[in-house]
Structure formats: structure tokens, C-alpha cells
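Next, two complexes with chain A in common: one pairs it with chain B, the other with chain C.
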Partner chain A sequence: MNVSGLIHLLLFPGLLFAVPAGWFYVWGEHKAVALMQRRIGPPLLQPLYDFVKLLGKRTPSRHGIDADLLRLWPALSVLSMLGALALLPVFPGRGGFSGDAVLLVALLEMPSICFILAGFTTGSMYGEIGAIREAVLSVANNLVFLLSIVTIAVTEDTFRLSDVAGLSHNPGHWIGVFGILLCIPAKLRLNPFSTPSAEQEIYSGPLTEYAGAPLGLWKMAHGLEWVALTGFVSTLVIPAGGPWWLHAIAFVVLSFAQVLLLSMISAATARYTLQSAIRFYFRWAAILAVLVAASAVYMRFRG
Partner chain B sequence: MNIIDKLMHKSRCKSPWLFHLNTGSCNGCDIELITCLSPRYDVEQLGIHLEGSPRHADIICITGPVTRNTLEAVKAVYAQVCEPKAVVALGSCPASCNVFAGSPVIEGPLSKHIPVDVYVPGCPPHPDAIIEGIARAAKILADRGVAGKKKEAEEK
Partner chain C sequence: MNIFRLIFDNLRRGTVSFPLPHKHECTSGEYRGLIHNDAERCIGCGLCAYVCPSGGIEVTRSGDTYRWSYDPGKCTFCARCIDRCKPGTLTMESKLPPLYGEQGELKQDLDMVRKRPVRPVVAAPAVAAVAPSKVVAETPIEPVENKNPTA
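Up next is the complex of A and B:
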């Protein structure tokens, strides 16, 4: 039995750590925006209060909507995020699940797919528009995301997460990390890439018809996405070696620093239209990523 | 109350999400409600959020004297908000129809159509009064949640 894998899944960075950490990151996101706007912002326990309150709402079944399917999508998102967290090589060389980057990418993409399917399940016009926007944005940002991961994998000569993790002097590694950072706002639907859930245009997009516990699960999945995506970047830049507790502290501190940075960018920018967002990823980031990936492949096979 | 009920009660008090419905208001009360979200009043400190969908909301804030055209919308939105819920009537219009009283196109006051929990008087009310009204509604909503659970247990 894979004990250290179970620890990764249930304790750190899995369930027991990730759920409170997700709430903490979501609080950090709101607090950073509030401070940018010279407000005081929500109290520390606000995401917990929101989640508990949503669990206590009585949601009657509705005609024409499959309630089980409606619950399935947020539950799948939460589970896939927990799986992705268990795969993160927070303590490289100390066991855990020995997955590779391809599996991680698949798991990280699940919330986006579930978000799209949720939009079509609700049958709401706003949900469907949000789902279409998410699908288009997902294609655009995944091009950069996948190329960034390929760049890192080619420069490190492996797709295994435990070997990819850790500080590297290779510039390809750092450009790959930058590319992943560039994609995180789109994956988390933050400004300027908040088009799929644009609250002043299409209410909450696919989540418009959600209420009660399933909505609470979506909020939890969002927190877990924060932990998994920022955690993935952290594992790529924390130097290998050193005691395990130092790795754990560095993991949390670096992830939270990314939360603050991305929240501040989100507060300081306006929302892109869908066309501009796609143009951003296709024109600038994709060109950069294709060039870097091509040079990495060339460097790899030259020597 | 056991510990879970206490946590639920506190969460409901601390996380009132609003849905704003204009039923023919002159916009005065709407502006004052939006002012509450501004940095000066910063209602996010109290966990108050303005939601776009009534399904996410706990409290419906209604402005305006309820015109004939908006009556069905009031009833539909009230039905869409999940229990436990509360209704706050902002300004004099939903309470008494104000200067529009007697008009043939006015179906108000609001309490003729849906139960109202808190009235915030004024034309328009001050943002401080609106925030106090919402805080009171959140307390009513939390108490209603506990009472609803007891009733369900008794019925079983």
C-alpha cells in the first residue's frame, strides 16, 4: 500500500491541507482586491461562512433540469483537483504518487470541462453563453499551457513530475514557468480573463442556475484550483534538497505570494472581450511558447 | 442548539447575499444601495455580496412601488430564492407607494403580494440605515433557518 501517496492525498497537500488553504487563498484574493480599493474587506473566516451557509440552503428540484447531473459536475471538479494535488511533487524524492505531467494536465483541465458541461446542463441562456466562452478561452490558453509544459519536459528530458520539480538553471525551465503563470488567470477565470463568468454581463455564467450545496462545491473547487495551480508553479521553482518542513513552508509561502500577485493584477485590470483574450494568447503568448519549445527541442537533439 | 446549528446560524448571519430588484423605483434607493458597496461603506466586511442571480441570494432588496409590469417578476424572483430567505423593502415606495399611491398602474404596497421582513424607511434611505436593515434581515433569516429545521424535525 502506498502510504506516502495516501498522505499526499489526505493530509498534505491533499484534503486536510487543501480545503482550508483554498478558503484562505480565496480570502487572500478578496482581501487583496479590497486593499487595492482602500477597503477593509472580508473577515478571515468569510469563505467558511459562505460554504456552511450554502450547505444549509434548501434547494427544491426543478422541472427540466437533471439534479444529479447538476451535482455531478462540481463534485467531479473537487475530486479531480484533490487528485491533482496528490500528484504534486511537494517533497521530491520522498515518495507519493509517481504520476507524470500529462496526468496532471488532464486533472487540472477537469474543472474547466465540468464548468462547460454545467453551463449546458442548466439550460440557462447565460449558462450556455458562459460555457461557450469558457470552451473558446480554454482552447486558447491550453495551447500556451501545454507548450509551456512541453518546454519544461523537453529541457529536463522527462515528463515525470518528481524529476521536473525543483529549481533549474536552464532558461527553458523558467520560460515554461512564466508561460504557466500566464495561463493561471484564464484557468481561474480572474480578470482580465473573467469572460466566462462575467458578472455584469451574464450574471455568473454557467453557475447562474446553481444554488445551495452544489454552488458551495463550486466555490470549494475554485479554492482547490487556486491551491493546485499555484502549488504546481511553486513545486517547479522550489530548489530540491533540504528538510521536508522547509519544502512545505516554501510551498505555502510561494503559493500565497502568487495569489496576492494574481489578485492584484485582477483588481488592476478590466475584463478582456473574448476576442481580445484569444488574441492575447494566440498572438503573443503562443508565438513565444512555440519559439521556446522549438528552441528547446533543437537544443535537446543538437547535443 | 447543538454546535452544527450554532455554526449554521452564525454563517447565515455573516454571509447575507443580496439580490436587488427594482419594481419601478425612481433610482434614488438603487443609488443608495449601490453606495453601500463602495469603499466608504464597504459592506463586504459584513460578508454582504450583491449577486446577479436570485438563486444565489439569501435576501431580496426591493425598491419601488411595484408597478403592474413588475408584479409577476416580484413573485417569480421571490419563488426563485431558496429557503431560508428574507425580504427587505428599501425606501417609502414599497412600504406605502409613496407619491405614486392611487395610481392605476401601481399594484403596491409590496406586503400585499409577498411577506416583507424589514422596512427601511426614507426617500431615499441613508446607506447606514440600509446596512442596518440588511443586518437585521440576516438575523431574521438565521433564526428562520433554525425554526425551519425544528419544524421539519417535528413533521418527521
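Up next is the complex of A and C:
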């Protein structure tokens, strides 16, 4: 029995840590946006209050919509994010689930797929438009995301997460980290890539028809996405070695710094049109593709 | 990198909003706050309840007494009741309403005895009949003698 893996899944960075950390990161997001708009912003426990309030709300039944399917998509998103968190090599070389970057990418992509399916399940016009936008944007940003991971894997000569984790002096590693950072706003549907959930245009897209506990689960999945994606970047830049508690502190601090930075950029930018967002990611995809090819050729001749 | 300068400037300038419950009086003189009824002058005509679009004011009569009820939870602060109040007994507070947690917590009930409507004072008609306006207008105005020429 993999005790270390269970600890990763249930304690840190899994369920027990990730759920409160997700609310904390969502609070950081709202607070950063508020400060950019010169407001005080919400109190620390506001995301928890919102979640409890949503759990207590009665969800009206809608004719022609499968309520079980509506509940399934956010629940799947939460579970896949917990799985992704359990895979993160926060303490490299100290056990945990053994997985590679491909499995992590698949798990990180699940909320996006669930978001698309939720949009079509609701039967709402706004939900379907949001789902289509998410699908198109997902293709564009995943090209950069995958190429970034491939760049890191090629430069480190492995796809194993525990081996690619940690600080590296290889420029390919840093280019890959930068590429992943570029994709996080699109994966979290933050400005300027918030086209799938544009509140003013399509009323949050697939979430239009959501209320009560299922909406609360979506909010929780969003918090867990924050933890998983920023945590992934943190594991790639925190140097290996040193005590485990220092790793844990550095993991939280670096992740939260990313939350603040990305939220402030989100507040300071306007929403891209779908075409502009796709153009942005394809431009970076082209750059990364050249760098991956160059890295592969370099690795071939070196070794 | 204009975006980072924008972020830095916004952080440096600080916040302009107040935490709740606030200690600052942040309303202007024309702020539409809670409605206050002067029970001494209210005649119980019920016009305020009649024109209230949201049902925030209710007047229930029983004989010579009546109850004037005001629920700020229903009030839209449109001030139509203020405009229609003939004796001018209704006024609006210019400060923020207090925070409340229970529905109907700020509701007010005033039990009053119904009074006869106060009619505005009309000028004595006899004077107008004897001295028509035309005659009054043509009467020359005597200049006021200046008793203090040095001033």
C-alpha cells in the first residue's frame, strides 16, 4: 500500500490542504482585483461563506435538463484536480504517486472538458456559446501548454514528474515554465482570456444555469485549479533538496505569488476576442515549436 | 511595460472604499435615506401609502385611529411619498440606513389619532373685492425717506 501516495492525495498537497488553499487563493484573486480597482475587497473567509451559502440553496428543477449530469461535471472536475494535486512532486525523491507529465496534463485538462460538456448539458444558448469558445480556446492554449511540457521533458531527457521537478540551469526548462505560465490565464478563464465565461456577454457561459451546490462545486473546482496549476509551476522552480517543511512553505508562497500576479494582470487587461486569443497562443506555439526542435537536435548531438 | 506600471500605480494609490460598518459619514445632503414621519403633524390621509409603488408604506384605519407602517426592506427610496405629502410631515434622512440581519427589523409602526386636514390659510376675500388687483398695481409707491443721509 502506497502510504506516501495516500498522504499526497488526502493531506498535502491533496484534499486537506488543497480545499482551504483553493479558497485562500480565490480570496487572493478577489483581493488583488479589488486593490487594482481601489476597493478594500472581501474578508479572508468570504469564499468559504459563499461555498456554505451555495450548499444551503435549493436548486430549482428544470424541465428537459438531466440534473444528475449537471452535478456530475463539477464533481468530476473536483476529483480530477485532487488527482492532479496528488501527482505533484512537491517533495521530490520522498515518495508519492509515481506519474509522468502526460497523466498530469490529462488530469489538468479535465475541468476544461467538463466545462464544455456542462455548457451543452444545460441546453442554454449562453452555455453552448461558452462551451464552443472554451473548446476553441482549449485547443489553442493546449498547443502551447503541451509544447512547453515537451520542451521541459526534452531538455531534462525525461517525462517523469519527480525528475523534471526542481530548479534547472537549462534555458529550455525556463522557457517551458514561462510557456506554462502563459497558459494558466486561459485555463482558469481569467482576463484577457475570459471569453468562455464572459459575464457581461454570455452570463458566465456554461455556468448560467448552475445554482446551489453544483455551482458551489464549480467554485471549489476553480480554487483547486488555482492550486494545481500554480503548484505545478512552483514544483518546477523550487530547488530540490532541503527540509520538507521548507519545500511546503516555498510551494505555498510561490503559488500565492503567481495568484496575485495573474489576478492583477487579469484586472489590468481587457478581454480578448476569441480570434485575438487564438492568434496570441498560435504565435507562442510557433516559437515554442522551434525551441523544442532546437532542444531535441541539441540533445541528440550532445548525448 | 505599461501594464506593470498601471498595476504598481493602482497599488500605490491605496483604497477609496470604507470597511463596513463604516465610521465615516459618506453621504451627500441629498442622499435618500430612511423615511421619517412626524406623528404630531400627520393627518392620516393615506396618500403616501396610495402612491408608494413598492408597498413600503401602509396605512390601516379603524375608527378615529390609524396605524402608519413603514418597511424600509420594501422601500425603493423613490421619494414619491415625500412629494405627495400635503402637510409635509414626511422627510428623508440624509444618512445611510443601519445594517440589519432580520427581515423587517427596521420596520416602524406609528399609532395615531386621525386629525382633520389642515387647510391652507386663504387671504381675506373682502379686501380683494374692494381693491381689485388693477387698482392696487396702479397705486404709486411712495419713496421711503432716508432718515440717515450719512449711512
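Keep this in mind: the second predicted complex is superposed on the first by the 284 of 303 C-alpha atoms of A that agree within 3 Å, B and C clash if a C-alpha of one lies under 4 Å from a C-alpha of the other, contacts with A are read in each partner's own complex, and residues count from 1 in each chain.
Basically, contacts are C-beta pairs under 8 Å (C-beta built on N, C-alpha and C of every residue); 3 or more make two chains touch, one makes a residue touch a chain.
Bear in mind the structure is a predicted one, so any value in this text is a computation, not a measurement.
K.L.:
Should the superposition on chain A be reported as showing a clash between chain B and chain C, or a fit?
P.N.:
With chain A as the common anchor, chain B and chain C collide in the superposed model.
K.L.:
Once the structures are superposed on A, label A:268 by its partner contacts, choosing first (chain B), second (chain C), both or neither.
P.N.:
second
K.L.:
Of the partners chain B and chain C, which touch A:52 in the superposed model: first, second, both, neither?
P.N.:
first
K.L.:
For A:38 in the superposed arrangement: first (chain B), second (chain C), both or neither?
P.N.:
A:38 contacts both chain B and chain C.
K.L.:
Give one of first, second, both or neither to describe whether A:244 is in contact with chain B, with chain C, with both, or with none.
P.N.:
Neither chain B nor chain C is touched by A:244.
K.L.:
Go through the superposed model and pick first if A:204 touches only chain B, second if only chain C, both, or neither.
P.N.:
Only chain B; A:204 stays clear of chain C.
K.L.:
Touching A:284 in the superposition: chain B (first), chain C (second), both, neither?
P.N.:
In the superposition, A:284 touches no partner, neither chain B nor chain C.
K.L.:
Check the contacts made with chain A and report whether chain B or chain C touches more of its residues.
P.N.:
So, of the two partners, B touches more residues of chain A.
K.L.:
Could you list which residues of chain A make contact with chain B in one structure and with chain C in the other?
P.N.:
The answer is residues 34, 37-40 of chain A.
K.L.:
Quick check: in the complex, which residue numbers of chain B touch chain A?
P.N.:
Contacts found on chain B: 7-8, 10-12, 14-15, 39, 42, 44-45, 47, 51-53, 55-56, 58, 82-84, 145, 148.
K.L.:
Give the list of chain A residues in touch with chain C in this complex.
P.N.:
Chain A residues touching chain C: 34-40, 264-265, 268-269.
K.L.:
Quick one: in the complex, what on chain A touches chain B?
P.N.:
Touch list, chain A to chain B: 30, 34, 37-43, 45-46, 48-53, 55-60, 199-200, 203-204, 207-212, 215.
K.L.:
Taking the touch rule as given, give the residues of chain C at its contact with chain A in the complex, in rising order.
P.N.:
Touch residues, chain C against chain A: 3, 6-7, 10-11, 13-19.
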